[in-house]
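Chain naming follows the written order as A, B, C, D and E, and within any one chain the residues start at number 1.
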Amino acid sequence: MKSTARIVTNKIESLFPTSRTKKLHRKPPGEVPGKAVHTGEQRLENVLITVHDFDEEHFDTISINKIEKSEPFLQDKSKTWIQVMGLHDIDKLKSVWEYFDLHPLVQEDIVSVSQRPKVEHYENIIFIVMRLIKPVSDQNEKVSLHTEQISIVLGENYVLSFQESDDPIFDPILKRLEQKSTRLRKYGPDYLAYALMDTIVDYYFQALDLLGDSIEKVEEQILGSPGGEHLQVIHSLRRDMIYLRKSVWSLRDGVNALIRDDSHLMTDEVKIFLRDVYDHIVQVIDSIETNREMVIGLFDMYMSGLSNKMNEVMKVLTIIATIFIPLTFIAGIYGMNFDPEISPYNMPELGWYYGYPISIVVMILVTAGLVFFFKKKEWL
Amino acid sequence: MKSTARIVTNKIESLFPTSRTKKLHRKPPGEVPGKAVHTGEQRLENVLITVHDFDEEHFDTISINKIEKSEPFLQDKSKTWIQVMGLHDIDKLKSVWEYFDLHPLVQEDIVSVSQRPKVEHYENIIFIVMRLIKPVSDQNEKVSLHTEQISIVLGENYVLSFQESDDPIFDPILKRLEQKSTRLRKYGPDYLAYALMDTIVDYYFQALDLLGDSIEKVEEQILGSPGGEHLQVIHSLRRDMIYLRKSVWSLRDGVNALIRDDSHLMTDEVKIFLRDVYDHIVQVIDSIETNREMVIGLFDMYMSGLSNKMNEVMKVLTIIATIFIPLTFIAGIYGMNFDPEISPYNMPELGWYYGYPISIVVMILVTAGLVFFFKKKEWL
Amino acid sequence: MKSTARIVTNKIESLFPTSRTKKLHRKPPGEVPGKAVHTGEQRLENVLITVHDFDEEHFDTISINKIEKSEPFLQDKSKTWIQVMGLHDIDKLKSVWEYFDLHPLVQEDIVSVSQRPKVEHYENIIFIVMRLIKPVSDQNEKVSLHTEQISIVLGENYVLSFQESDDPIFDPILKRLEQKSTRLRKYGPDYLAYALMDTIVDYYFQALDLLGDSIEKVEEQILGSPGGEHLQVIHSLRRDMIYLRKSVWSLRDGVNALIRDDSHLMTDEVKIFLRDVYDHIVQVIDSIETNREMVIGLFDMYMSGLSNKMNEVMKVLTIIATIFIPLTFIAGIYGMNFDPEISPYNMPELGWYYGYPISIVVMILVTAGLVFFFKKKEWL
Amino acid sequence: MKSTARIVTNKIESLFPTSRTKKLHRKPPGEVPGKAVHTGEQRLENVLITVHDFDEEHFDTISINKIEKSEPFLQDKSKTWIQVMGLHDIDKLKSVWEYFDLHPLVQEDIVSVSQRPKVEHYENIIFIVMRLIKPVSDQNEKVSLHTEQISIVLGENYVLSFQESDDPIFDPILKRLEQKSTRLRKYGPDYLAYALMDTIVDYYFQALDLLGDSIEKVEEQILGSPGGEHLQVIHSLRRDMIYLRKSVWSLRDGVNALIRDDSHLMTDEVKIFLRDVYDHIVQVIDSIETNREMVIGLFDMYMSGLSNKMNEVMKVLTIIATIFIPLTFIAGIYGMNFDPEISPYNMPELGWYYGYPISIVVMILVTAGLVFFFKKKEWL
Amino acid sequence: MKSTARIVTNKIESLFPTSRTKKLHRKPPGEVPGKAVHTGEQRLENVLITVHDFDEEHFDTISINKIEKSEPFLQDKSKTWIQVMGLHDIDKLKSVWEYFDLHPLVQEDIVSVSQRPKVEHYENIIFIVMRLIKPVSDQNEKVSLHTEQISIVLGENYVLSFQESDDPIFDPILKRLEQKSTRLRKYGPDYLAYALMDTIVDYYFQALDLLGDSIEKVEEQILGSPGGEHLQVIHSLRRDMIYLRKSVWSLRDGVNALIRDDSHLMTDEVKIFLRDVYDHIVQVIDSIETNREMVIGLFDMYMSGLSNKMNEVMKVLTIIATIFIPLTFIAGIYGMNFDPEISPYNMPELGWYYGYPISIVVMILVTAGLVFFFKKKEWL
């Protein structure tokens, strides 16, 4: 984890490399709603469609080109998970959507990739939008947070999942599907939808740990010696935290509604598991709030640390100045040119036998007095 | 977008050119309520009334002078949209209102143009007030936010829309109406009302992008070198954000009530689309909140950046002063006029062969010592 | 409006001249509740009782001394508004109260003039307490906010209104009552009660405009040159805003309850108008909140403006000092009294042909160097 | 009221002399709940039990030693108020509690004197805990806030009141009981319970006035000349305000529940009066919130006042320094020892006839120039 | 308690020694939910299982190795409490869980020790997770807060409790169980569950007292003399307070739900006691909020105290400098080398009989004047 902190403080950039420049892309005002326009970047060459068909007895995975090829899987009694990767090829996606007769607004939301997370009930499906936030490290061990929108459509006997890239986030689920007599194989498609949601929520914990690490590292550095660069780091952390909160916050109400609502698509058995997801989301939100308070605390610490440091500088420097000013004055006195020969009152000290040593002693005494005074005042 | 940032930081003015001077115009206290008084500026020479009549088969648009001319359109089974532009000619408007038998309070609200957004149910109509916020650029590419009040009256088989200027905001809707077999042509007037609302909400996203750009630009500048002018920019952004929030906030509850309430004027099919509008409003509010936090963060950054900058100035200057003060003292010592001829103790250094060079060396050593001390303390 | 701003910034006092010294007057602890004690100042010589009797056919106004004289008006089918001005003569008021059989707590609340606004249902009446806030200008055109408590009792066929002074706030209503076939004449006493409330709420808009003006004026001044006096103005504005909010806030819930509750005293027709009042109250509260944020923003601006100003002072002064310190040192060097005759190393410069000019040139070079350095650092 | 302010600013201590050192006394963890342990200080020698028996016809007061002696009063149809003062003698209290068969948790709460205010329904009683806050002045006219816990048990035909000291807070109630045909004598025990609550709430207004006075006094002082001692006063006021809020806040919900809940112990007639108490509690809470904002405002004012004051000091002092630094430099120049006899370029000024006067004039001009510059910059 | 404060200010570390480094341990994303993985440290060598069987007649305690040995106790009609200490040996725990047929998610939560507190209903059990926070002192009397997760499972006739260490927190309960005819022995297992919860809540009060002590100590120190170390202490206190709040906050809703929900496992009699626990939790949360405000107040005090202190330093030092600067200037004047022999205008003072004494007197007068000026301005 060392690398994380190093990045944060050296390169001083947001952990979300893509979040800053992202606009709230929307269709032009007045355009027909439900018109699907992909608002993200293309991350894959082709849209990949994979069909996973399974029940307690079997588990098959095939890649298909045309959605019609999934027909046999959907017809039989087994459960089918159609995993779509890549959102740039609207035509291909459209064939999938129309095959499943998805509402135009669902189509629009799937490819409009800066949605807030939500759970929506349509006539015969439940539509779930979530934001994946996942720590990734590049070749320089630089850790950043990869983020993409993931949409899940839960139907009678199928689950559709849409994601922007081919990031293998759901591979652990596939591995579990391979094993017989797991809950995934036994339960209905609602359990699969739950499992996908659970996986995404699990990544939030990793992202939070990463952010927590950064905060603690910065905290230590600021307590040590606050510098101008920390201002930017703190601002960046604040930004990340706001982004993270926005990505998770509305999910809580969505999942809660899912638990409370009556929908034949979601069984009571799976709702107990959803309650667990809900719990984790609340925990994530709690942690985000805690971290936000910490970041605000960081700023306070930074400001007062800076203030402390400046005060120290000013104090030492001013003390030096203050000690020498009276001394210089004394030296100035005996640099005056009053003529001692005209009267005995004119600077007789200049003619004393011990004049110079005495003046030096006086200066030493003044210095000692000031130092003593400063010490008493605890300024030294 | 370059122009935006330039404006913000050079001219330092609100993006809402009209928002500051606008009072909360109201009828004089005690006056009869429901008395229509136009509280905005006149933006058009004449009030324009356009009738759009359409159903699945036809789409006709005519400009009329007297509202009675719309009679035939309203009589038949087709849907009719009467678009009114300009709110200054109360008499003409009154003829429209009375033709449709609008409640006096609705009449008052249509021309009282600093309403908060709202959705109100009357006996046989739904009355919707919204605030358009739309980026416009003038001939110098200066971008500002144009804002006006738009009222929508949804009746049994008609929609009335009232706007202050003849800004062609709803032209894309007209274009879509021209196309056969669109939802607009097929669905009832409630879908048209939805489409108008959707269009206005879409503009909010553009306005937010503009504001987001400004914030980011200012942020970069402040991180670079905070200056006095930024104080004003930040204050102005804060103001804009408050205005924007006020313009959108209460719309959320209004649309939500529209979705939940039972009114035969709003069909379930269209409510699904309204849910989408609701979603976008929430997203807009989220973004406003995020931006507000960002602006507060900007102020903190500004203050501490300023403080940092001042500290740097003070430090360098004080260091110079501190180094020279002891040196000046030493020079002062040997400027004293004690008489070396009276005793060997009186400033014998003046008579040394290497007196002067030694004093110079001492000064160099003192300087070196102080510089070393400052370096060790990391003040240099 | 010039006068307003002048007052605010020169005299630096609250716009509510009476709000500061007002205590939360209450009966002594343990005293019997419902005991009417007037807690305000006497503003009139005598308590004035005026009876306005009206229906669609007639409108009569008479001043009476004894409440019994209103008997004939209350007996007939017409609607009666009894307007009471002045709250100091408890005996006279008591005769009114007892005539209408008001609950002791209603009696107490009418004369206890620092109530929070509220709407209360009693067995056969609705009792409404509001706070009038109205801009008034004195002979010097000094504008301040006059405030008094106004209580309204809505009965079966009558309305009672109680106010502290004889301020003619309800005169516009009287004028409207004189006109035949107005809603006021046609509708029941509930519409009259609504009209009274509407009038009071209308004044809030005027008060808000006044406060908004003050804030903008102060804003401009602070952006120009922040001074010590602004601190007091800001504090005073904050105070006024809190007072204003307290005066309006709880009214919202009261009016909302009035709209939602079932009471035969309030008809559905009038409730539509009450909804309008509710809307205006929400708008007022919104504006108060906006203004409060503005005032907080003002304080931030003030603090950083002050800081900016001080920084400028310090910078210029310190730069002057820093330039002269090295120069003085050089002059100090050549003021030393090392004896050049003893050795050629002792200050040979003093004996150079161009010694003095060279030293002057060195000083000029040092100055130029420092100025160049400061310029490069952008401190000059 | 002068004394109050004096105390606040000179002695700088909380108005709640006892609040700081008070711990959250609780039984040791794991101990049996409902075990009565007195957690306050003993304030009386003996626990005093007084029985007040009354109905419309009679009113008797007797002091008793054993609770059994109250038997005859409780048996008859009259209403009985048993007033218990002093909470340290658990045995004696226990006899009372067991006589009335109080739930162990009620017993624990009565003597555990740092409860939050609450209203609880038990099977046959209503149990009310409130905190008395009452201004008292000692012999030096020093005003502080006396605070103790008061518990009220409302039964079928009796009221029990428990208080820590023998403070005669309820004496006005006793006086009112002596008078025939008052509501207190006519209504049931629920009205007596209400009267006791009302009395306690009335004291809050006095306490708030006292705190308001302190705040205003400090405000004036800070606007005049902010000093280090104010920091402590403000912190103390903040603390008092938090304590006050904690003492009242939860009472609101309690009384509200009492009004809404159906309990045969509380009649509708008395509920109207309770609504009045509720109203007062809300008013108290409002005032506390207002005062809290004021105290926060005080801190801001203090900080900026301090900053203003320091700035003024720094400015004047630095100006003096800045003026003399160039002058000293000029004097330093002509204190140099370049030998004018060696060349005509070496300090020829020293040999001028008007050399000294000219140098003095130059110094005066420099001073005048700097003063003029400072004036122009408005730093003087 | 002296030791506490000493620790806080000398060692400057969090009272929660373990809270900082704790990550939000979670299963890897995508892993099967309900898979029990212990996320804490091992604190015991072996997992200890103790069975307490009791009813009104008997109370037996035995340690068992295999959960099957508890069979006879669970079969009979008596109530059984199975206390499990140590959570690292999943296999052994699994045998317990499976014996009682606990839901996989319950299993996961028991050993996943950074849960937020919660109360969950399953088909036949109620599952309660709480966080113990308990002050402990080590051999050096250093006090810190020990924290561990405690899970309680309430079944038909049994209670399971799981804790991480063998800390004897429930020993007082065991002692009470030994005594006949206590409520613990008489009531059902729901009362035992309540008693366990009550014990844990009681510890919160001790923890709060400890934190309150720390805050007050720091407060006093800061009012005395704020130093750099306090910054860290305040930050640490803030952190502790956030941690504490997170540990208690969600418990409130959980217990509230337990009181309101209908579950045959929780009788009405015990719900009255639960209401008491609820009350204490609210009190704890209130205190945490109060303490948080206090800590924020501390930071304000710290900042302004620091500012005050610095101001004092700067003032004294600058005053010294300011007094000597004019004096040095005067001395500089008479150190100039204008030749008095060339003209009578050239520094005639040097040749005066009382020249030197006069110059000294002038210097004394200047000093006196400046001191007088400073005194008048109250800077001295």
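Here is the rule we use: a contact is a pair of C-beta atoms (placed from the backbone, for glycine too) under 8 Å apart; a residue touches a chain by one contact, two chains touch by 3 or more.
These figures come from a predicted structure and were not determined experimentally.
Listed here as common contacts of subunit B and subunit E: A. Of all chains in the assembly, none touches subunit A and also subunit E. With centres set at the average Cα position, the gap from subunit C to subunit D is 26 Å.
Averaging Cα coordinates per chain places subunit B and subunit D 42 Å apart.
Averaging Cα coordinates per chain places subunit B and subunit C 26 Å apart. Those residues of subunit B in touch with two or more other chains are numbered 307, 314, 318, 321, 325, 328, 332, 335-337, 347. Contact residues on subunit D toward subunit E in their complex (touch as defined above): 20, 23-24, 26-34, 103, 105, 115-116, 118, 120, 122, 225, 228, 231-232, 235, 238-239, 242, 246, 250, 299, 302-303, 306-307, 310, 313-314, 316-318, 320-321, 324-325, 327-328, 331-332, 334-337, 347, 349-357, 359. Contacts from subunit D toward subunit C in the complex involve residues 134, 169-173, 176, 182-184, 195, 198-200, 202-203, 205-206, 208-209, 212, 216, 219, 223, 272-273, 275-276, 279-280, 282-283, 286-287, 290, 293-294, 297, 300-301, 304-305, 307-308, 311, 314-315, 318-319, 321-322, 325-326, 328-329, 332-333, 335-339, 342-343, 345-347, 377-379.
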